[in-house]
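What follows is a pair of complexes built around chain A, which joins chain B in one and chain C in the other.
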Partner chain A sequence: MAKELLVGNVAIAEAAIRAGVEAFFGYPITPQTELLEHMAGRMPELGRVFLQAESEVAAINMVYGAACAGARVMTSSSGPGISLMQEGLSYIAISEVPVVVVDVMRGGPGLGNIQPAQGDYNQVTKTAGHGDSRSIVLAPSSVQEAADLTGLAFDLAEKYRTIVIVAGDGMIGQMMEPAELPPMKSLPATRPDWAVTGAKGRLKNVITSVFLDAEVMEAINWRLKAKLDRIQAEEVRCELTLVDDAEILIVAFGSAARITKTAIREAREQGIRAGMLRPITLLPFPSTAIEELLDRVQTVLVVEMNTGQMVDDVRLAVQGRAPVHLYGRPGGSVPVPDEILDVIMSLRA
Partner chain B sequence: MKQQWEERVVYQRPRALASVSTGYCPGCTHGLIHKLIAEAIDDLGIQETTIAVAPVGCALFLTDYLEVDGVMAAHGRAPAMATGIKRVEPDKVVFTYQGDGDLASIGMAEIVWAAARGENITVFFVNNAIYGMTGGQMAPTSLPGQITTSSPRGRDVETMGMPVRMAELLAGLPGAAYVVRRSVYDARTIKAARQAIRTAFRVQMEGVGFALVEFLSSCPTNWRLNPAQALEWIKEDMEPYYPLGDYKVSDIAKQLQ
Partner chain C sequence: MQQAIVISGFGGQGTLFAGMVLAYAGMDHGKHVTWIPSYGPEMRGGTANATVIVRDEEIGSPVVRYPDAAVVLNNPSMEKYEPLIKAGGVLVANISLVSAPSHRPDITCVPVPASDVATQLGDVRVANMVALGALAKATKILPVEAIVQALQDHLPERKRYLLEPNRQAVQEGAQIAERGEWASQRISE
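Up next, the complex of A and B:
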């Protein structure tokens, strides 16, 4: 397949369609709306389900229902809508049905603005709603990667029967880049055996989140935790740039990583041995990969488009073995390479 | 010796009703409504194609009591969840079973929009004018002056407004094909409820659109009445404010009655 010039949101939508998504339920919100609009056109054309819900609350519960019926299903939103979806995510998490959610992050808190931001890091990585569970979180830093990770999201969601969140931002969602889309996958011929599709020729299937017996509930929590541990062991993904001789290690994801890459190139031109670790999976977080670089690294810098969220995870990985600095630009402000370069220079001084 | 009589089964537990004891209080009419639904599922031959969506509230263990596939929704979200199921399994029979707190308070948006879309699902709405599971708080449908644990001086309509009449409200939406109110306080009302449940399923099976049966139901425990008094209270106190009747029966639905 040839590369084509694609808007990030459209690339995600089309990649999901080619990954065999059967149903999309969503609600308009900038800067993800092109994703929903693409689905509105394409899904009915393919005989699949598109429904604009009355709210994000309804959208995530429609997703929950369709997932319980065993359909490959997704929704997309941005920070304010993801907040509303937290309730549904909690129910989905304990039900262990596969669901893909796209969060095209914007400036917050509150209504904030529609500029690119990474302020939802904690919201998507630390919990799936109330209770005690987490989702897999994938963070693309280009349109191509947004498309690729969307396909991966469905694979992981079904492999682990879990929520997978593709956490982009307004920049990834809105910009155009050449990207190659995957070939069209066929839809699954049958529903999984756990799905609620009518108890024909078998005992009834029930999907519920109420377990009044604390011991039963505890056991379920531990089962979810064991799954998380397996995900942590098997699914970590990160990209390393010029880390072999790096004295300054920069950790950044998504759009911030993209900008940081330019700053690193400029730093190298000035003889500064800077390198970058870019988490592709925000959960599972690449803690071990960071730890393995600490023998040579003297300083760690975290660059993120918020007031410092991922930096907590980096500090846990570093465990005091090197100073960890933060350069954050919250609220929809996007750093330029020169300001990151200035920070790198100041750290060397 | 030749047998002189013929054995004929005139009544038995519906196949779709699980052989378990329910957790409902004595005199509560949830169990009766469950049984009527199970009988309809049997008689319509849809046990293998039905998917139940249980609510948050006293009926949250509905999936234990019916022998059909089922899910339990978040509080008030059953119509959204049923929408998701029905859209990907359009040939199946999907129904929600919701109480008044679930449907008329926290889930008001979801039920209104399911009806507005003409979502091809069936809704059984059990209105007992109180929050039962949490111990008797004021519901959106509690009557003016009704004493509950969160309205100890009686529902004050000056601050809380008048109770919401859901059947009337939803019947006003063009997407609603069949919206009726029934009760289960005596043989006559039970018979009418039984018929309405069948029609509400058939409306969905024929693809006609949104169908809802509201049941005026009892909660002796939280009403602080004995079971007989509770049935009387439905008739004497609830029914005047919530008249039984047909609020929307589309032309096609009429033929399915």
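Up next, the complex of A and C:
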């Protein structure tokens, strides 16, 4: 199939459609609105469900309901909307139904602005709402990868019966690049055996988040933790760039990684052995992959579009074996390669 | 080989679309391309900007501090981007609206009365394509024919009736850049 010039948000939407998403519930917010707009046009055309909810709170609960009924379902938003969805995400997490959520991050806190940012890192990686559970989090750094990871998100959501968050940002969402979309998958022919579809002729399925008995609830929490451990063991993904001889290891994800790649190229031209590890899965985090590089690496630099969030996970992986520095640009400010190169130069001096 | 181009003007002057046409032309010409509405600390009200990168290999950063060329369609864009163009780079300025001259001896200035030419062609809205034609000729980023071809292949169906004026605008802009007849005018004085 030929490559098309696509806006990131549209690539995500169309990739989801081709992955067989049956229902989309959402609410407009920049910089993800093109995603919702594409869904509004395409889903009814295909006889599938598109609904613009009255709020993000309603949207995530509609997603919850559709997922319980066994439908392949998703929503998308940006930081303020993702905050509103936290309660619903917590209910979905304990219900163990597959759901895909796209967060096209913008500058915050608060209403913030509509520029690209990565300030939702902690919110999406550390917890799915209140309680004690987490989601798988995928971080694309190109339009092609945004499409590819959206397909993967549905596969992982169904494989583990979990929430998968595709965490992009305003840059990935709004830029155009050539990308190849996957072929159209057929919709699921049957519903999963746990789905709440009416119990005629069988025992009823019950999906609930209320467990008043602490012992029962504790067991469920440990079951969720065991699933998380399995995900950590099986699903880590990262990209390594020029790390074989690297003295300076840069860890960056999404747009920040994209910009850093150019800085690394420029650093190499000046004889500095810089390389990059780009987490593709923010959860599970590629801690072991970082650890394995530490024998050669003298310095670690984390570049992210916030005041320092992923840097905590990097420090946990490094465990004091190398100095870990941070270059952060929060609030919707996007770094250019030159300034990252300056930081690399200063670390070498 | 990488070229980063900024196209900037008032909202409504078609800077984002001109960038898209350039990106399509690059993609169809076998290059790697990125197109991004301008983001970053340089962004202020009143202008709409697109940054397009055309490169032979995979593109890293889609944002740059110093573009290889800038197309400025109005005064605020001139003020913002003229100082940022890389030494040896190209400035295409719409001198129908841009009044300030460039003081950079280290860049090539291509003054083009894009809005006037577009008006003569019957539609002021194709000023962006006059400027884009001039850019293609002056930077040799892509053949002018590739820009025309991209218009033919990617202009949306509901805008097909604008194909001919757009095509003429690109050609006209390219010819102006080639003749260099405006080079001694306002802009470089």
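The definition used in the following text is that the second predicted complex is superposed on the first by the 349 of 349 C-alpha atoms of A that agree within 3 Å, B and C clash if a C-alpha of one lies under 4 Å from a C-alpha of the other, contacts with A are read in each partner's own complex, and residues count from 1 in each chain.
The rule is short, and it goes like this: a residue touches a chain if its C-beta (ideal position, glycine included) is under 8 Å from a C-beta of that chain, and two chains touch if they have at least 3 such contacts.
Treat the numbers as computed from the prediction; the structure is a model and nothing was measured.
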{"item": "Which of chain B and chain C A:331 touches, first, second, both or neither", "value": "neither"}
{"item": "Touching partner for A:22 - first (chain B), second (chain C), both, neither", "value": "first"}
{"item": "Which of chain B and chain C A:207 touches, first, second, both or neither", "value": "first"}
{"item": "First (chain B), second (chain C), both or neither touched by A:265", "value": "second"}
{"item": "Partner chain(s) touched by A:176 [first = chain B, second = chain C, both, neither]", "value": "second"}
{"item": "Residues of chain A contacting chain B in one complex and chain C in the other", "value": "none"}
{"item": "Chain C-facing residues of chain A, complex", "value": "3, 5, 115-116, 170-171, 174-178, 258-265, 333-334, 336-339"}
{"item": "Residues of chain C that touch chain A when the two form their complex", "value": "20, 23-24, 27, 32-37, 39-41, 43, 59-66, 154"}
{"item": "Chain B residues touching chain A - in the complex, by the definition given at the top", "value": "47-51, 53-54, 60-61, 63-64, 67-74, 77, 80-89, 92, 109-110, 113"}
{"item": "Partner chain B, residues of chain A touching it in the complex", "value": "22-23, 25, 49, 51, 53-55, 57-59, 61-69, 71, 73, 87-88, 91, 95, 196-201, 204-210"}
